[in-house]
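Since the structure comes first, as structure tokens, the remarks are kept for the end.
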């Protein structure tokens, strides 16, 4: 059965693949180590054995059998994590055949993103090139799109890539899409166009219906679970509702896409009512709801902050300053490239974080947002996100600040294995640079 | 032209089912409105004066006039006489059917995705399915009916005529609608049995509308965007110039020259002494001023909600303005969470100040109904403009003489002067007063007496109009 | 109120923006001139122009002196491809829409102008969209926020026209409804071959039109009766292209279509001024260079459509290295706000120097638009289109603090921030005034009023 197939073998897989391999045992010496768990260590050493970090410190002894990488003048960071993206699920945005993000139907909790991830996607090496070692890939959909999958950006197969195939349930919270059309009444301009307007009363009625339906779906999951536990004779397994059990049990979070204030508030109310764990995603207007978000201890994944304000009169830098606002409010947050678009692709995640630094977030907090925070939000804080003993050696070694576009990633490790930094784009570059 | 006939008194009865709110006495006899406050508009107010009406014309007006012996004397003590009000851009009385041939064959409403915004209330019965191919360019003359004249499609029994008249409107400058080159407007009087009797001036200008929407993929042919519409209008006026020239050269040398093809679109443009250009927001006003200058058009701007910003520029350009009395409002029943830009809020807040700004800048302007047909709403809107600084004199002018002057018919209507058409409104107070009632209306010398309105709380009140949920 | 300040500025800038402006002296700053190295010192803006740059510049009487210690000064950013402030983008109904022009539909109140300013953009080439093989006329503008549409135009800048190759112009020729659907109302062309044909046919027509004008003149000269040809706005624009009076900015992706257009231009005797997007330009850099065209590309867009599959972030670097005049553009109101950071990516991808990188968004686009005598670098005598940063412009951690155009300050981050509370109050007041009686519902919908 599907659930077993995914849930069981992970720990095993990690152990099995840890068979001694020369290249996942090494030490980086003399580098500045940005652990993200404490102060940076100048001239420090990171010891990696069998893919795991076994030591971090200033004066660590490196055993004789361990290959040493000279880190002099270089920086070591944990690999970055894109907390919400579509990598692997879509290759060319405009070609439907290359997209596996969106299934038919409103409620599809049984779908798992990793199932459709293409390990050969060109996006994977291109994204890695900028220091991103893990991503959370998410199905879209009308309401419940499916299960998001946390995966490494390396592996021969999806099984090898997968870290947490069922990291959370992707829920797009029902909303009212109010068009930004205002009666200006003129023979031109942006008035008019589009389909006939639905009245707000009708939209509201529809929204209430959608939310009621969503609640009902959760109620069905509860009844299903009861029936299952009661071992009723006529109990029939249902893949959709089966997939909901960890969610209603609070073991699996729901990644709720809620952009505007109303949706965010509605989502919080929903979580209260259903007593489920949520992560707010693409919460552009989270800055308007910081108090409630903090009170409920809800983590937030911000979408690309290189985006325009939602309203004309909003401060021009509202999306740039939101991370600093959340930080100040004590809200745990991370960044995701989401559906990105051409220029907001996952590989630009570090520069999104850099923009937050320009507008008030501390550099350390920005770095944490794309490493430690993301790992914690997705429940893998024990595996990745910092350079600490016991964690996977998901490391990037850079010649400068990774959030600054002018620096280069020199080496990248995923589970201690060096990752090839070449990609199609670099190949084309080299090929055509040499065109006579 | 006009006929008198005997059975006049029977007519109100015959029309009774239609004319439910006014008593009509279409006897174009002789009347003397005695002891009235006479607001001539063309001159100082006469506090106690008399207006004599005979054979449809104003025979005399003044303080010391003795009513003629044959006149039906109306004691107007306590009443005020104004020139009849004029709606300066209207669809009243217009059957307003865009010619299917032009609209359809030429690509619907210009290919735009939106409605023709300049005439919001009037439905534009574009054929639902057009089998004609989409327009491929200006040469197909898309969305053009420039040759149409409103005078040729007047519908004397249009309910709007009576409603407006009961509120004191005696004339309207009415236009065909539904196309970029919508056609030619006509000045009509708001009473008459036959369309021909109602027309004061048949071809006073070309009405240009611009479909809204940003445009894009096309689909319905050229022009499919604001840019395309402007380029199209430009091309048409260039073509019209060329057409005139080509025809004149051909007249002189018909031998050996190619015959210029007859072009009704250009004929219609050439026959129009004025051009009405849509200009509501500041940016549109400035855009259309520049366009009128570039094309050397005898232009009238209409819309004007944001003219408070551009009054000086309008003055400098020397263009008259038709000011809409339909102020922009928040879309009824819109999402309360939908944040409106300051820009929009300000435009709405200040729209009623446009009239005062134009007056101050010395721009000639007239009001128009902009799709509204209830005189009470129109008067309330004028009142708003007065509250926002427009002088009462300016307000009455903008509903009478200015409109007449803008269209070149001030020698016929627009003020109370000897020899002008007897279009008058008699009210029991200031015409813009909330409680003021229109007692009599004279159109072409015919007397109309509106019945008292139904008690307050009925339809048409201000309360009934405010939106929201 | 800020707005009325802007409206006041409107008049000022429309006539002479700088007449009323006091001289501005920025001292102790790192000045990136782009064309003449880096100067640690001062820059003086006076009468709309850059009046002096040097180690020490004396403040003229009445000058506003700004301490630029720790700060960076660079020329205003120039975006060679934008669609902001246009109330229409595409006249997509026809394959050749050269009769329409963006200059007819500029909206100076588009908030994107202000946002672009806040990102350091001072000049932008506003283009028609890419729905047609030959699109509409383009116009170069300055971001004089608060000015009229007319005053936004970069006075004296050469007008342009948009061409478009590849997927976009052929889209209207593809049947809607997927494979096998019955095509209705298809608009030629549906292939890249057809795109070429449309352009050739149009220039054939333009040449014939030009010839008919000449024939008419000849008849007149001989005293023969003649009717002049009717003016044709569509063909007039193309005749201007043939006469070198209008720049061609050609949207393109794949190398084949780039070569195609070069051949067409050669055959008809005109030049492509810039290839826009030109994501496969790196494959034909040699040919682009030989034609003398510029390239205006994205830093790293890719994968959003089939023709962008071979797009590489090294495109700009290869083009620069192969001698093509190259710029980075935005094509997008958001990306426009950080063209500086886009330029920084060319240091990463392809190893351009910092000056080369900054040139991609300053002097190079200025040259492409032939406005480099006025803007694009910090040189005495050039327009005082100047940015002040709180750090190096290529650093992701720095931001624009102040922007001057023609020596007039159009953006000030401190003022922007300080003005926010007042704006909010004003807006609240107007919103309440406009709201019909009876309160509005709350923001949350759950438990809110439900009618």
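To keep things simple, chains are lettered A, B and C as they appear, and every chain counts its residues starting from 1.
The rule is short, and it goes like this: contacts are C-beta pairs under 8 Å (C-beta built on N, C-alpha and C of every residue); 3 or more make two chains touch, one makes a residue touch a chain.
What you see is a predicted model; the values in this text were computed from it and never measured.
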| item | value |
| --- | --- |
| Overall pattern in which the protein chains touch one another (line/ring/star/complete/other) | complete |
| Farthest chain relative to subunit A (centres taken as mean CA coordinates) | B |
| Cα-centroid distance, subunit A relative to subunit B, in whole angstrom | 60 |
| Between subunit A and subunit C, centroid-to-centroid distance (C-alpha), Å | 34 |
| Whole-Å gap separating subunit B and subunit C, where each centre is the average of the chain's CA atoms | 42 |
| Residues of subunit C whose C-beta touches two or more other chains | 87, 105, 107, 111, 423, 427, 443, 451 |
| Subunit A residues counted as touching two or more neighbouring chains | 176, 188-190, 201, 261-262, 312-313 |
| Residues of subunit B whose C-beta touches two or more other chains | 214, 226, 283, 330, 336-337, 340-343, 469 |
| Subunit A-touching residues of subunit C, taken from the complex the two chains share | 87, 105, 107, 111-112, 114-115, 118, 282-283, 285-286, 298-306, 308-314, 317-318, 321, 332-335, 337-338, 341, 344-345, 347-350, 354, 391, 394-399, 416-417, 420, 423, 427, 443-447, 450-451 |
| Subunit A residues within the subunit C interface of the complex | 91-95, 122-123, 176, 188-190, 201, 204-205, 207-208, 211, 261-262, 265-266, 269-270, 288, 306-309, 312-313, 315-317, 341-343, 345, 347-348, 351, 354-355, 357-359, 363, 403-408, 425-426, 428-429, 432-433, 435 |
| Residues of subunit B touching subunit A in the complex | 113-118, 120, 209-214, 226, 278-281, 283-284, 303, 305, 324, 326, 328-344, 347, 469 |
| Subunit B residues touching subunit C - in the complex, by the definition given at the top | 111, 133-138, 214-228, 230-232, 234-235, 238-239, 242, 245-246, 249-250, 252-253, 256-258, 260, 282-283, 286-287, 290-291, 309, 330, 336-337, 340-343, 345-346, 348-349, 466-469 |
| Subunit C - residues contacting subunit B, complex | 3, 7, 87-94, 97, 99-102, 104-109, 111, 128-129, 131, 136, 148-150, 172, 185, 187, 225-228, 230-234, 423, 426-427, 430-431, 433-438, 440-441, 443, 451 |
